[in-house]
Amino acid sequence: MPDPSLLETFATPTDSPFLIEHTHEEFTSVCPKTGHPDFGEIILRYVPAATCVELKSLKLYFQSFRNEGIFYEAVTNTIRDDLVASLHPEWLQIVTKWHGRGGIRSRIFATHGDVPAEWKRG
Amino acid sequence: MPDPSLLETFATPTDSPFLIEHTHEEFTSVCPKTGHPDFGEIILRYVPAATCVELKSLKLYFQSFRNEGIFYEAVTNTIRDDLVASLHPEWLQIVTKWHGRGGIRSRIFATHGDVPAEWKRG
Amino acid sequence: MPDPSLLETFATPTDSPFLIEHTHEEFTSVCPKTGHPDFGEIILRYVPAATCVELKSLKLYFQSFRNEGIFYEAVTNTIRDDLVASLHPEWLQIVTKWHGRGGIRSRIFATHGDVPAEWKRG
Amino acid sequence: MPDPSLLETFATPTDSPFLIEHTHEEFTSVCPKTGHPDFGEIILRYVPAATCVELKSLKLYFQSFRNEGIFYEAVTNTIRDDLVASLHPEWLQIVTKWHGRGGIRSRIFATHGDVPAEWKRG
Amino acid sequence: MPDPSLLETFATPTDSPFLIEHTHEEFTSVCPKTGHPDFGEIILRYVPAATCVELKSLKLYFQSFRNEGIFYEAVTNTIRDDLVASLHPEWLQIVTKWHGRGGIRSRIFATHGDVPAEWKRG
Amino acid sequence: MPDPSLLETFATPTDSPFLIEHTHEEFTSVCPKTGHPDFGEIILRYVPAATCVELKSLKLYFQSFRNEGIFYEAVTNTIRDDLVASLHPEWLQIVTKWHGRGGIRSRIFATHGDVPAEWKRG
Amino acid sequence: MPDPSLLETFATPTDSPFLIEHTHEEFTSVCPKTGHPDFGEIILRYVPAATCVELKSLKLYFQSFRNEGIFYEAVTNTIRDDLVASLHPEWLQIVTKWHGRGGIRSRIFATHGDVPAEWKRG
Amino acid sequence: MPDPSLLETFATPTDSPFLIEHTHEEFTSVCPKTGHPDFGEIILRYVPAATCVELKSLKLYFQSFRNEGIFYEAVTNTIRDDLVASLHPEWLQIVTKWHGRGGIRSRIFATHGDVPAEWKRG
Amino acid sequence: MPDPSLLETFATPTDSPFLIEHTHEEFTSVCPKTGHPDFGEIILRYVPAATCVELKSLKLYFQSFRNEGIFYEAVTNTIRDDLVASLHPEWLQIVTKWHGRGGIRSRIFATHGDVPAEWKRG
Amino acid sequence: MPDPSLLETFATPTDSPFLIEHTHEEFTSVCPKTGHPDFGEIILRYVPAATCVELKSLKLYFQSFRNEGIFYEAVTNTIRDDLVASLHPEWLQIVTKWHGRGGIRSRIFATHGDVPAEWKRG
């Protein structure tokens, strides 16, 4: 099941603010209602404070949802909360995009902190 | 290993502010965790003060990362810091875009100074 | 683990030859060497004899590979062999297309019987 | 339920052979297994003998499948058989293309008679 | 109503065989069943014998269908027959493509004579 | 008026057969029926024998049609015949493509000699 | 330097012939003339005999060229020869595509054995 | 002026036949009639015999045309002849594509030897 | 001739402001100068007050221009005025786009009332 | 030579302000320096006062430049001035876009009056 203890961090290599984006295109979990697998994409964007998330540990953390029965909305908020607890970032945003089910495609957006000025201007 | 002494500069040929963008699509370094090579693209944008970076020396500087074990975040900030130290620019931005690893694609954005008005309006 | 007993069939609704193609874009199994999940797309094309495969049972059969450690090549041939054993079709083709791993994308093609004339002409 | 008596014909306006293609993008029927609606596209191609199918009657015939529980394969062959019985054409081909269900997209191809030379060369 | 006497011809300016294609994107006639206007595109291809069709007269001939109640199939064959009677060409092909009606798009293909070798090879 | 004496040639610089294609996108002449200008594109392809056409003289030759009242079909065959008379090529093909007039777009294809094997295979 | 002993194989999981394609987009070696890095893509296609190449070992084998000074042509033929020696396949094809150098982009094609019928028809 | 002595070769690294393609997008020479610069792209394809052309020397050879007044046709055949004299290849093809001049774009195709079977099938 | 009495309305089903857009791609009328048919596309956008236009009646109203000799500018303003008289909308915009005639394509924009804030920003 | 007396007008069919755009893609004149033809596109946009320009007369006016030796800049301003003198519009804009000559493509913009608010917002 989702295991935030898998998340490893390393010291942010600079005091200057900067922005990181990781896009994971192979997320899968299980629908708690039908038992069928769900497939989606997870976008993580953040401005680090003292620590950054190590990439391989992030992959293992995402893989820990593989056989978990969990709704899209809970996936999105769980990932945000686990990463905020682990990284204490200045700002963090999770966007999840899900494959169609019954003719419906979904996207969920969850944020922690204020959008940095640089990201606002696109 | 990354060698900022490779960077050569020449005198900026004008007093009027202007903006330079160099895009390098063949960056490679090594993952410090797995030992496998990483591949990415480096975008350098800056408004010069007294000096500009010479293009062939910039290529050799980028190539000096080839066998270095270093995280994406450190690559991005190291390049920003080395170029700021060498050029003392009005403004400088490094964007790195990395090939997928374990199903995760990444981008990192690091900036020095205030975004010039001309770049803001796109 | 892969369970061909999940496959259900129904009587082919006509004696005239015809051709069926099912494309499954959400296949996942596990790499037997690294333990990491693999993701891919499965294309099944066949000319039925007496029976056709029921679509929901096909989905459940594909899902039974979810936690199986198995190479791409074995996935492709196992699916071909299980469906040939279940359907005894006139012709059947499996094409699998796999997401990148370590910078390598793969496709595998496996066939049973002779390509029907109508499919040859595209 | 599917009602071939809705099909109306008119006399083919020439003795010279020619080829007709009608593409219907708004077909819907019901899955007999899950009770959920299916959506697809029907392509009808034929070389008429003595009669052609009238277009509005064809639309009404397609609409008569709206609340019918029927597999993709049976839809395809039923349409082919009803139109062959109604038109006695020289050649007739039905291609059906179905929206994704459970991550699986499908196409079915059914034919009556030999492909005319002109269609073969594209 | 459709008036082939509008068609004017001029002497083919060479004895060497050559191929002509005219594409008319603004064809309109009226559905004989519903009274609503139909819209489509007419493609005329031919290898002339002694005469070619004059382009402005061809436009006027196409415009003469404007308020005629006539099926797609009859439009296609009438145009072929009128042009064959007027031009006695070596080869002639009419392709008509019709806008959607009731969710159905149509194409009709009618030919006179054998496809010339040069057109076959595309 | 069209003036083939404008065409200049130079000695083919090799005995080995080779193929030349010139595409002129700014052709204009005048409709002999309406007096309005026509606009089109001329594609010339040929395998030279002893002489090649000089490019600037070709442009001047094409410009000599500027105020000539002449049908599309005659333009195409006149250019073919003038170039064949001037170059005595192994093979030569003229394709003309004309802007829309009265909602009709046209293309004309005229050839001299047999299509060379290399061009056939594309 | 290129090390074919890195290549590992596993027993082909079926006696029926099938076709495998691996595309590696992150190949890099060094130009033996200038010392600068080269970047390219390697496509491997083969019909296996008794053994298949294991994917992670293939990646490590490709990575062993990283600091080797070697021409494009030698890269292509070395990979073909090493894989033929390791796999003894029915058919094998290597296509390499190289980034631009001095304004020149290159592709190299090397093959072992006869193209299988199924691949020929695309 | 064009200097074939710039071409350097190296020994073909294998006895097995293979195919090489180099595409140079930055070719420029001078029109001998107008004195204006011409710009184009040169594609070289060949099956080597005992020697291959070294890439940097090929670039320098192409650059030696920069201030030469020479027709497109002569450029194409000169390059073919110089490379055939230098490489004695099994098969060699030069395709040149030229920017518009006076509204005319050109392509020239020149070949030495028979097209290899593998290239024919594309 | 254009007949606004064909327009039927129904009561707007809400008091909240909202925006409606209808695009008709099959408009045809007749040029009053040449007698030849014109073809175009009509875009109607409006924010309703108490009534909305019924869609089938709108189609019949558009069809009533079919044999009317009328300039583009008058078509555009007539439609705007007839719909404003029928609907008394908060805001209404007509955009007409016309097929080329004599090498000239046209668009006409006519508006009633102030552009709503929501339309301005998107 | 350019003949503004060819321009015909008709009374604007409404008192409400509206905007008209005509795009002419077949403009040709002659370069006064070289005598060679120029080709371009003319875009006319205006908000009429009491009169609108009749489309066929506009085409004839554009055609009157066909054999005139005149620079791009003079074409653009002549057309603006002639149309302003003929129409006395609220606002009028001419944009000319010219085919490449000697590797240079050009656009010219000329305006009369203030840009209307509706056009400003795109």
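All chains are identified by letter, namely A, B, C, D, E, F, G, H, I and J, in their written order; residue positions are counted from 1 within each chain.
Here is the rule we go by: a residue touches a chain if its C-beta (ideal position, glycine included) is under 8 Å from a C-beta of that chain, and two chains touch if they have at least 3 such contacts.
Given the structure is predicted, the values throughout are model-derived calculations rather than measurements.
**Student:** Trace the shortest sequence of touching chains from subunit A to subunit H and report its length in steps.
**Tutor:** Each step joins two touching chains, and the minimum needed here is 3.
**Student:** In terms of contact pairs by residue number, which of C-G, B-C or F-I shares over half with F-H?
**Tutor:** Looking at which residue pairs coincide with F-H, the repeat is C-G.
**Student:** Quick one: compare the interface residues of subunit F with those of subunit H and tell me same or different, with half as the dividing line.
**Tutor:** The interface of subunit F with subunit H is built from mostly unshared positions.
**Student:** Please tell me whether C-G or B-C has the greater number of C-beta pairs in contact.
**Tutor:** Taking the two pairs in turn, the one with more contacts turns out to be C-G.
**Student:** Please compute the C-alpha centroid of subunit C, do the same for subunit J, then give the distance between them in whole Å.
**Tutor:** Subunit C and subunit J have C-alpha centres separated by 62 Å.
**Student:** Between subunit C and subunit E, tell me the centre distance in angstrom, where each centre is the average of that chain's C-alpha atoms.
**Tutor:** Measuring from centre to centre gives 47 Å for this pair.
**Student:** CA centre of subunit B versus CA centre of subunit I: separation in Å?
**Tutor:** It comes to 54 Å between the two C-alpha centres.
**Student:** Using the touch definition from the top, which residues of subunit H touch two or more other chains?
**Tutor:** 100, 102-103
**Student:** Between which chains is there touch?
**Tutor:** In this structure, the chains touch in these pairs: A-B, A-C, A-D, B-C, B-G, C-D, C-G, D-E, E-F, E-I, F-H, F-I, F-J, G-H, H-J, I-J.
**Student:** Which residues of subunit F touch subunit E once you look at their complex with the stated criterion?
**Tutor:** Residues of subunit F touching subunit E: 33-34, 71-74, 76-78, 80-81, 100-112, 115, 120.
**Student:** Any idea which subunit I residues touch subunit E in the complex?
**Tutor:** It comes out as residues 25-26, 28, 36-37, 39, 63, 66-67, 99.
**Student:** Under the touch definition given earlier, write down the residues of subunit D that touch subunit A in their complex.
**Tutor:** Subunit D residues touching subunit A: 36, 39, 99-100, 102-103.
**Student:** For subunit H, which residues count as touching subunit G in their complex?
**Tutor:** On the subunit H side, the touching residues are 10, 12-14, 16, 18-26, 48, 52, 54-56, 58-59, 118, 121.
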